[in-house]
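So that you can tell them apart, the chains are marked A, B and C in the order they are listed, and the count of residues begins at 1 in each.
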Amino acid sequence: MGCEVTRRWFLKALGGVALVLGVPAWGRPQGNGGEGSYNWEDFSYVYLIDVGRCIGCGMCVQTCKRENMVPDGFFRTWIERYRIGEGGRVEVDSPNGGLNGFSSTIVDFKVTKAFFVPKMCNHCKNTPCTQVCPVGASYTTRDGVVLVDEKHCIGCGYCVQACPYGSRYLHPVTHVADKCTWCYHRITKGLKPACVTACPVRAREFGNMKNEQDPVRKAIATEPVLVLRPELLTKPNCYYKGLDKEVR
Amino acid sequence: MIPELRLPEVIGFAFPNDVHITWSLMIVLYPYLTGIVAGAFVISALYHLFGRKELKPISRFSLATSFGFMVVATLPLLNHLGHPERAFNIIFTPNFSSAMAGFGILYNTYLLILLLEIWFVWRKDIILIARRSRGLKRKIYAALALWTYDISEEALEKDRWAIRVLTAIGIPAACMLHGYVGFLFGALKANPWWSTPLMPIIFLASGMTSGVAMLIVLYQTAMKLSGGKIDSETIASLNRWLWLFMIVTVSLELLEIMTLAYEQSEAWEAIHPLLTTKLAFSFISVQLILGSLIPFILLMISVTMNRYLHDKVRNTLSFVSALLLLIQVFAMRWNVVIGGQLLSKSFRGFRETYSPQLFEKEGILAAVAIFCLAFVALFVFARVLPVFRGLELPKGEEAGRGLR
Amino acid sequence: MEHSKHVARMAVLVVFVLVVFHIVRTLFTPPSFGKYGHYRADNLTEQMSKQVIHGGSISCEPCHGEKHKEWADQAHKSVECEVCHGPIAWHISDGGKVADMPRSRSAAFCLRCHERLDGRPVSFPQIIADEHLRKVGGEMGPEVCLSCHDPHAPALGG
């Protein structure tokens, strides 16, 4: 009785513990990249928006909603209309995200410039959203797309708070985080995202930075482009041509 | 089937997804509860580790209070999660770049330390109760004692050593359990109302405030109800600590706003109207005037004129200040969590308001129920183990090692 | 060490709990987790296999070849069929027709793109409905645009 038995028993227990802790090493899966016939190593996606071309028809918003079953009142992509006038007056609106287009509402100042800005998830290189996901449900693929695993997400909403662009939301039916996926189910089959296909004026373009002949890659390399909130250093993969200083 | 959407009023322009409030009353309640947990533990630590004798009368009670609130602390979170059945993902696959993933480790570590400390503090009482009981009650208490019955002076000395060690680790654990929430908000660059390095310290200081305030309220209530005497030295000490913590809290909160107002960067254009219109009542009236200024004055009187005060006066000043500060800390949590979501990331607009409904899943009734449950937990604890004076070995009974 | 039995016993209990937790964790972590990064690799396949709803105008061609040929050569060739007529998945499923293809005839629908609005590039064809009708001589009505314009070949004149 007493201390000696305790010590011996304890050491035995420690040995057992060491054995059990080895279990995870046996169970860890091995990775080798690539999924079937699509090889994500060949792609690094990028999106280019030309503000000067957008007519604010909202067909992109409508098409995205249909393609991805986006619930009412929530948006994976949306259009903002800016009307800027003398004296620094700015009027911004986005009626139902631009889903049904825009109408000519009156503003009480003389408009000197106006434009439409399509917005969506920027699929940042330095994502603030995947950084804060507590369970690893939000992640970036090797081809540069930020996705949410709806079977693993616990619906805490931290990523929604962390996105500076307001591109995320909690899905009211599935109760998990949701956002634009650049139509991953389409682009991995060689199609373009639904919004890009729908745009009648080529305001939205989609490209692959790993393809030397890619026109989007060329445009970004040779023409002045901007990103939203550059000071936050999220390093978006959505580039804008013709962005005004009033756009956040 | 998509539930009917109640689209809120928006003033100005808000990003279309921004109009939905993601973090509700539950997320206001959660840091409120963990703040009390941390504050109560620190008061207990002031006796158990730093030997502040005047706090001995409530040293056990504060541990029990910390436990009571700790037990219910996860409930608001589970209620809020979209998939509470997957809540364990936070400890199965934690993503450590996320402050929220820290919750799993911090909560369980602190819970472990608290449970261990409770066991060592009350071990003697558990064994004495086991000795005096018969039947099932005896078996339960014997199991709680882990079937060892040594309450000799040497064994109790080992217990005191263990308590000191656990308290020493427990203080940073409790502080991190509450501080990480501050970091969770403070490290988010997307929201200018939340983003500040001061946030973890503000949360911690206000957590301490709410913990001490809750102890004052509960201690006085418990003594009133049981006919016990309110120890004047204890209350005087708690007043001093409450005054200190609240001064630190309010100074930091004001400092943050003064810095924003002075720097006048982009965020201030949105935060200034937020404070003066949307949050005018909850911030200026409740948090600053009712919740900070008045208790500051009451406590100043109570602390500086402590010698001249009649017990009844001191107790009343203390109780009233404590109640007001409990409201202040809740208002602060509200203003941070809800205020930060009223303002859109477009910096051009606000959501009209957020009014939790009475019978909503994350509504008022749920919050009140969870809060009351903490008191129920504390009450149950007090029925199982004595929370004020510990049990004494009767004359003639041996400390020994047996159950007998 | 004499009076430490209770300490040792508690220590063993704590270690036991930690070990059990570790085992449970290993059992409940999804199998493909961590393969390519801190996420469930199986989700990639799940995302890739979601149903494609819009096939693009090329998917309309097999059944609507005539119209497709006409459209592809005219001013609305940059407007995808599915933008006005709805996605193919609503119309065709498993190789067979499941619903009629919507046809939007209303003036409101045409004006959605072609109403003159601040912000639309000036080079884009846009009108103020009343002015346009006055100029060309017509009465406002629900489908008035179609009385002159064929949506698949909308441009009039040379």
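Remarks
Basically, contacts are C-beta pairs under 8 Å (C-beta built on N, C-alpha and C of every residue); 3 or more make two chains touch, one makes a residue touch a chain.
What you are looking at is a predicted structure, and each value in this text was computed from that prediction instead of being measured.
Across the assembly, the mean Cα position most removed from that of chain B is the one of C. Nearest to the global CA centroid, when each chain is reduced to the mean of its CA atoms, is chain A.
Just to note, of A-C and B-C, the chains joined by more C-beta pairs in contact are A-C.
Spacing of chain A relative to chain B, judged by their CA centroids, is 36 angstrom. The mean-CA centres of chain A and chain C are about 15 angstrom from one another, to the nearest whole unit.
Rounded to whole angstrom, the centroid-to-centroid distance between chain B and chain C, based on C-alpha atoms, equals 46 Å. In chain B, the residues that reach two or more other chains under the touch definition are 92-93, 95. Multi-chain contact residues of chain A (touching two or more other chains) are listed as 136-137, 152. Among all residues of chain C, those that touch two or more other chains are 2, 4-5, 30, 33, 38. Within the complex formed with chain A, the residues of chain C that make contact are 1-2, 4-5, 8, 11-12, 15-16, 19, 22-23, 26, 30-41, 43-54, 56, 76, 78-80, 82-83, 86-87, 90, 112-113, 115-121, 124, 126.
Remark: chain A residues 2-3, 6, 9-10, 13, 16-17, 20-21, 23-24, 27-31, 33, 35-36, 38, 52-53, 55-59, 62-63, 66-67, 81-83, 100-104, 111, 114-116, 136-142, 147, 149, 151-152, 181, 184-186, 188-189, 191, 194, 197-198, 200-202 touch chain C in the complex. Residues of chain B that touch chain C in their complex: 88, 91-93, 95, 112, 116, 119, 123, 145-148, 150, 152, 154-155, 157-158, 162. Note for the complex: chain A touches chain B at residues 71-75, 78, 80, 90, 92-94, 96-97, 119, 128, 131-137, 152-158, 160-170, 172-176, 232, 248.
Taken together, the chain B residues at the contact with chain A in this complex read 1-3, 5, 7, 13, 15-18, 20, 22-23, 80-84, 86-87, 89-90, 92-95, 97-101, 103, 184, 188-191, 340-341, 344-348.
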